[in-house]
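Reviewing the structure listed below.
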Amino acid sequence: MEFALASAIGLLTAAGVYLLLRARSFDLILGLTLLSYATNLLIFTSGGLTPGKPPVLRDDVPTTLAHYTDPLPQALVLTAIVIAFAMTAVSIVIAMRSRADNGSDHVDGDAGEQAFRRDEQRRHDDARARETRGGGE
Amino acid sequence: MNPTRTPWRKRWLPSPPLSVTVFCFWLLMNDAVTVGHALMALVLALAIPPFAARLDREFARIGRLGGVPRMAGVLALDIVRSNIVVALQVLGPERNITPGFIWVPLDIANIHGIAALTSIITLTPGTVSSSLSADRRHLLVHVLNLKDPDEVIRQIKARYEAPLMEIFP
Amino acid sequence: MLLLLLALPFLMALALTTMRGASDRALAWVAALAPLVGLGLLAWLTPAVLDGQVPSLRLPWLPEIGLFLHLRLDGLAWMFAGLVLGIGALVVMYARYYLSAEDCAPRFFACLLLFMGSMLGVVLAGNLLLLVVSWELTSISSFLLIGYWTHRQDARQGAQLALAITGAGGLALLGGVLLIGRVVGSYDLDVVLASGDAIRASGHYPAILMLVLAGIFTKSAQFPFHFWLPQAMAAPTPVSAYLHSATMVKCGVFLLARLHPALAGTELFFDVVTTIGAITLLVGAWYAIFQHDLKGLLAYSTISHLGLITLLFGLSTPMAVVAGLFHIINHATFKASLFMAAGIIDHECGTRDMRQLGNLRRFLPWTSALAIVASLAMAGIPLLNGFLSKEMFFAEALQIEAHDGMQWFVGITAVLAGVLGVAYSLRFVHDTFFGKGPRNLPTMPHEPPVWMRIPVAVLVALCLGVGMLPALTVQTALRAAAEGTLGPAAPTFDLAVWHGINQPLLMSIGGMLGGFVLYFGLRRLLDLHAIVRHSLARSVFGWNMQALSTLADRFTDTIANGSLQRSLLWLVLAAIAAGAAPFLSGNHAPLAWHAPQPMPLLGWLCWLILIACTAFTIRLYRQRLLALVVLGGAGLMMSLAFVFLSAPDLALTQLLVEMVSLALLLLGLHYLPPRSPPERTPRRRLRDIAVASAAGLGIGLLAYAVMTRGAPDPAGAEMLARSLPEAYGRNVVNVILVDFRGFDTFGEITVFAIAALIVHALLRRTRLLPERVMPGPPVQLPVPADLAQLMFPLTLTVSVFLFLRGHNAPGGGFIAGLVLAVPLLIQYVIQGAASVESRFGFDYVRCIGVGLVVAAIGGIAPLVFGLPFLTSGHAEPWLPLVGELPLASAMVFDTGVYLVVFGGAMLILSMLGTIKPSRTRSSRMGVLQPGTRSTRTGELR
Amino acid sequence: MDHLPLLPILIPLLAAAAMLFVEHGRLGMLPQRVIAWTSLAAVLAVSLLLLRNADQGDISVYLLGDWPARLGIVLVVDRLSALMVLLGQLLAIACLLHACGGRDRRATHFHAFFQFQLMGLNGAFLTGDLFNLFVFFEVLLIASYGLLLSGGGGARMRAGLHYVAFNIGASTLFLLALGLLYGLLGTLNMAEMAARVAEVPASDLALVEAAAGMLLVVFCAKAALLPMYLWLPQTYTLAPAAVAALFAIMTKVGLYAVLRVGTLSFGLAGPLAGFAWPALQVLGAVTLVLAALGVLSAQRLRLLAAYLVLGSAATLFVAFSLATPGTIAAGLYYLVHSTLAGAALFLLADLVRQRGRGGAGKDMATPRMGRMRSLLFLLVAVSLAGLPPLSGFIGKLLLLDAVPAGSIGWVWGCVLGSSFLMLVGVARTGVHVFWGSDSEPAHAQDEVDALNAAPAAANLTAPPLESAAVLLLVCYGIAMALAAAPVLAFTRATADQLLAPAEYVRQIDAALPARRAP
Amino acid sequence: MSWIIAIALVFALAVGCFFLLVGSFSLLKLSDFFKRLHGPTKASTLGVGCVLIASVGYHAFAGTDPQPRELLITAFLFITAPISAHLMAKAALSLHMAEQPPMPGAGSTPGTDGDDHDQEQPST
Amino acid sequence: MTPLELVGWAVIAAMHVVGVAMLLALVRLLRGPSLPDRILALDTLFVSAIAQLVLFGMHLGTAVYFEAALVIAMLGFVGTVVLSKFVLRRDIVE
């Protein structure tokens, strides 16, 4: 069970980091969302995995960790979820404004966009050059 | 909202059925039916509808509710029966299915009625209501196995629309 | 008394800055007040100093590290203070006439006084740190003075250069002084001077010496740092006369004298200081000959003379030190007067270029006479003061006790110095006052106001006086200074004009003759006027600075190029490094891996769904809408996982947040491009994949290791036990949120509130351009609208239910708030924002405010009972019919949470939903025509 | 029950909430300003009281919710906390003063954000709980997003995106580290953590260290240490002046956290004692050099200020990671100085820029730049470059003096070398900005003409509030230089207190709830 | 708990699961979106309804929860499922994923609400 | 075997069946091909999740998960609604 959770956390992190390194604001926000999933899972599991023992107290059950799961990580995750949500809201609005003000959704604005275009163009030219060369031979 | 003076009942108890629903809802949700919960339910039943009624755009009338139980019975039966039919169709070879759209002309004008009809059509397997024409006179229905369009229309009008027109005149 | 002496210039400088619009005369008088009163004070203290007493003052400033405001006036300090104040007074007088009407006189005088004060600080400091402080202050104030004519580029550059070099020297000096402090254990000058042996014996001595000498040499313009001085000639002439003859540049040699007992006496000292001094002496003198600018010539000659003084201190014999001190005085007098004279010439002729000057004795007889006398003193002609100290130098140069090479070197240097000194003095005199008349002058020169000449005259008189009657005029002072410098080791000596015919005299004469021959010989051979010289050292320094700043630019541009991805990449890499370091360093015992718990099949199923959704989010990320849909699946699985792992509250929150986020992202996507352009650099993608995999793997492993361990006795266990009896709640998570760690929640809702306010602030009155719009009017959805309307009161009921039950079952303020907000969101979506907002007149901003206040009140209430913030109270009043009604004060707090969350979520959604399209840029808006959309992505094909 | 430690958090919160009600009143900005100043004055008074109490050596512990420390959240006031809180308020006064010159009118919710920011800062300084620290980090960060972005657009939006994204990334890492730490140690209380670290079995130590390392990475990222400072120059350059000035303390929050966690939670004697200091030393030194190069290459005043702030943070890293009482004391002194002086430079940059045409971005001063501003710049620049006689020099002096013998070479080299580069850079930029450059004489002439032609003579005189703000900050610096001895005595005592965390832990353990039995 | 009730519960569960499965299966199997739309929107709804009834019975007889609260879930489900289906169908129609017949009596162009633009030649 | 046990077994079996149903929906979610298909699959996932939750509650014999199931039933369609609206109009709040 731990393996499944750990692998899920790992994959979510990797996916989040990968998207984080993309150059577009929306991808970035998507990546942050994924990362926050990973974080939440990790905090949540830091109290250990106990299926089927929600920390809602029942009468005549002793209040120990043997009968309930550790509630503290859950409370922490709750806080973390809310904060991540707030951050998502802020970042999406900033992304929108940035797109509108800077004319590009590249995170580095026009400069980044131009660099991106240049790269594209160069690759395009290279490819064409290679094609023509290949064709010539 | 309304500049003209509304009678106090309209203002404080805009929709008795809604109040009853909320009341039952509350009692159902809680662990046990106690006096305290009942009081709370009463408070909510009085407090929420005036608030919610602001959303009401058309203030459609509700007519006789006598037909509701029969309607519910027919509906339950239809749901179960046609579900089985559809299940068999789905599990069978797909080429036996001939889907198609039909426009169902509507006689019912009450928006609640239309909504209820749409829901019912959607919940009854074999048909999904897809769109309502702008003038609300026609309902576009997608039928999973369309053999006879007129039969489908007739069924819908007879089984569902007629009783609904009684409930929502 | 000493404090007043020191503070006076600063106070006057301050007074000057407040004097706006005062006349030049008044300004000058106020400015002159400082040196004049200072001189009076000094005179008052003189008897004591000559008596051998050392008046001092010691105030603590930062006693912990030995920084005291310690002033002491020994002979050396007395002599220098006299120099600083006396020449200062003359310069102020001179400057009053020198400055033109456009110049900002208050600023000039203020800076001048600031400099004077700093200089006095250096001189009077009895604490090495204080000395460094004043030292750097002189650098700064000289920077201001040199750059006084800010509109001139050479002034700006010269000022920067001077600041860079002397500032760097100051930093080096600071290092040296701190090292001295470490060795000696005190920065007190007396202590330091007394522990010369300890310093010389310590292993830090070479470093100390080098650092201190770096400070001294930069300040005193010694080779190879000399080039700033000629550059600094862009300063107004009074500044040059003051700073570059008598004070600032003397700082260095002053310090050399000051620390002589502590540092001198080793071979290293001797070699370094002597050699540098000698080189500077010759280089300065040689270059001086080839200058065309009067002040440039004087500047190089100053360098040369400073080299001479340094050389004398390097020789380290007592008499050499005395000679050095003597020459300091002499140089100050004649050089200051020469600078002033040069200033007069500049003032009158409008140029200082010797190629244009000549024959000025016709036009400026008085000035010429004074300048000629002063320059003769500079050349070391007998009966003038320069001669005396130079002769002492010759005498010492012959007597040094060192190996042969050094002896020869110093001797030859001395002779050459004499030759060159005469040569450039001749150049100055001859090219300016004699020869053919002035050429192409803008104005016809005539004598300046008499008060401008008087300072020059005073100084020249001093030259004569000292030169003829040394025993009467300067001997006592010099003796006091020598005692101040060398302490008990000071020699007894008598100054006399005539020592008989001896070796030094012969050398002097030889030097004079040689100088004549050299100058006129050179004139014959070369056209001196045509030579243009560049200072190599300055160029090298310039190149270095250029290279440095290019390097800086390049570094800064390449590192901080404003790329977000790079920042993030580094963050991730740093985190990976920090996480991996303990395992790779091998400092710790290897990690033990524990076996996992078994996993039911159903769990694997959920796992599969989660993994698949995540993987597909990555695969589809460029089709943003698809990625969002798939991400929704991942979110659902997250909450299912929470459910299975016993966290119903979390599952609820996750679900709700998921829905609202989805709505937010879609709202945002309307204003963002629908897809990401492809990135086809495979290398970059590979790099990112590698980094991401490393991060994922690392976190996964860490998470696994932590999960299989479990902390001993976590805090949560105790919360579990105390939740019901002490906090009266069955839902422990909620109890933690509103009670145990209610403060976190407090912060959390604040964050939420701020986020909503930011969205409000950013979108209010903002018009944005949607990426693409669909044609046609807004869609009407009567059927869903009707159904949703039916749901609304029911969801309201559920919201109240979740809120009230939160303490004992999953729910609580946050969840309830969102459950209230989401149905309203549906209304927004289905009915349109305008329709909903016309029906509910909510002011969400105020709702947030009310929520915050309510939450705060819930927290503050216990304060009334003397309990801390957020302490929960509990009561179960018995009511008729109802029975016991459990009431927890945490409820109030939770109400605040409820309101903030509702208000915040709705504020965000309504702001995002009611953005108006930009009017100005509508041409860019793309209209999605029906039939052009791909069914796969919903976008243009 | 003494509620003093709570007030620096509560008062700004209430003030901020109150702002939301008075925003659209008929009285315009007045009610908001009154509230803001009242709140600030109150918090200032409270923080002075806190400082006074803390200076007696007391560590006051405030148990929120009346729960014992490990269950609930504690606020702890020791010397360091009190100092930082006071510093925050002192800075806030100047920033608010500057903002009242008109910035607050242009930015929606400015005052609310400002108060939230104060709340976040004070909370971060006062809390004794790691997760609560995270929460307050978020409060202050998100408030800073608001301050940064409200009323702005264009390039600032882009910089804001960078800032936000980077900080969210860092916060995520914070949470990851927190999760791991709780999983390993079972507690979130910083003081209890130290005890738990000591009990961790040897085979788990590497895990704890990894988590702790990640935590430090977060703090270093917020404090802009080497590989992670790239966000800082751009953001600070593009932020509005009053906000950038307030941000001067933001990097210090990270430093505070490093110091607090490094000395308290990971212990000074335990198995994790000082595990990260060597790395921090090296990184700090390299950052310092790079920052100095940045100063050298900075053409604009704000960029210059940003790099100077960066350099000061790096210096502090060096100072703190040497971890002797002397260096920490010196570092704390320097921290106070650099915060105030950095802020002053940001505000000044704004003053200069306002003089330029339209304030569109070039901070070219006119040739007639007011004497006042040049003088202020001189003072600030001199102070920041570490030249005497102001606080900057004393701070550096203290640091150099306190460096342990073994590290003299590289520390002195870096500090003095970077001082030199900064001196050159500051002089160059200062000359360029204040003395003009004759490479564009026509331009200067235009400017003069424009000024002469413009009826707005107000442009010539410095805006009073803004100037007063700078003046205030400069006065702080002068006061710090004059009163160096008492300040140093305090920071020395602070350092001693930090390096003897046992007392802190004892106080926390001893703090018992008023009502509940243990 | 008696066997009769137990068997009734198991039956309800079985029916519920069957319909859920059929719903999902039809989602997977059928070839066209509008065909697929039928399965999940109601087979699944009915399936969940059966499961909920089983749950009511189970909790009532096991004594863990006396109230038939799951009925509320059913109620909500029956309200929301048509909304979703209706909107999804509209969305799909707007992407021209099916040919819809011309509306009788309203000329050749069917004026559906919202989609009142021209759609004579729907694709796919 | 007691009746309770029988129901218990049935519940577990049902959970697996529902799991399979979810898996089928997942395949459609990932494969598409059209956008509405994915939305529909997501909706189906939500509906199945309700069943799963209820079954889990039965399995554990607790009513704790009722709220979660209720909220999904009540608001789970929000995702479907907003996504459909986006496809329909691109602007989900008009």
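So that you can tell them apart, the chains are marked A, B, C, D, E and F in the order they are listed, and the count of residues begins at 1 in each.
Following the convention adopted for this analysis, a residue touches a chain if its C-beta (ideal position, glycine included) is under 8 Å from a C-beta of that chain, and two chains touch if they have at least 3 such contacts.
A quick note: this is a predicted structure, and the numbers were derived from the prediction, not measured.
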Chains touching both chain B and chain C, listed by label: E
Remotest chain, chain F as reference, centres from CA atoms: C
Maximum centroid distance from chain B, chain identifier (CA atoms): C
Contact-richer chain pair (by C-beta pairs counted) among B-E and A-D: B-E
Chain closest to the middle, measuring from C-alpha centroids that were averaged per chain: D
Averaged-CA centre spacing for the pair chain B and chain A, given as whole angstrom: 41
Centre-of-Cα separation between chain F and chain D, whole angstrom: 49
Distance from the mean Cα position of chain D to that of chain C, given in whole angstrom: 16
Residues of chain F whose C-beta touches two or more other chains: 20, 22, 34-36, 39, 62, 64, 70, 74, 76, 81, 83, 85, 87-89
Residues of chain E whose C-beta touches two or more other chains: 25, 37, 41, 45, 65, 69, 72, 76, 79-83, 86-87, 90, 94-95, 97, 113-116
Touching two or more other chains - residues of chain D: 131, 135, 138, 142, 145, 149, 161-162, 165, 169, 176, 179-180, 182-183, 188
Chain-chain contacts as defined at top: A-C, A-D, A-F, B-C, B-E, C-D, C-E, C-F, E-F
Touch list for chain E against partner chain B, complex: 18-19, 22, 25-26, 29-32, 34-35, 37-39, 41-43, 45-46, 65-69, 71-72, 78-79, 81-82, 85-86, 89-90, 93, 98-101, 103-106, 110-113, 115-116
In the complex with chain C, residue positions of chain A that touch it: 1-30, 33-34, 37-38, 40-42, 44-58, 63-65, 68-79, 81-90, 92-97, 99-100, 105, 107-108, 111-112, 116, 119-120, 123
Residues of chain B touching chain C in the complex: 1, 18, 21-22, 25-26, 29-30, 34-36, 39-40, 44, 48-49, 51-52, 54-57, 111-112, 114-115, 118-119, 129, 132, 134, 136
Chain A residues within the chain D interface of the complex: 20, 25, 28, 32, 35-36, 38-39, 42-48, 72-73, 76, 79-80, 83, 86-87, 90-91, 94-95, 97-98, 101-102, 107-109
Interfacial residue positions of chain F with respect to chain C in the complex: 15-16, 19-20, 22-23, 26, 29-30, 32-36, 38-39, 42, 45-46, 49, 52-53, 56, 64-65, 67-68, 70-72, 74-76, 78-79, 81-83, 85-94
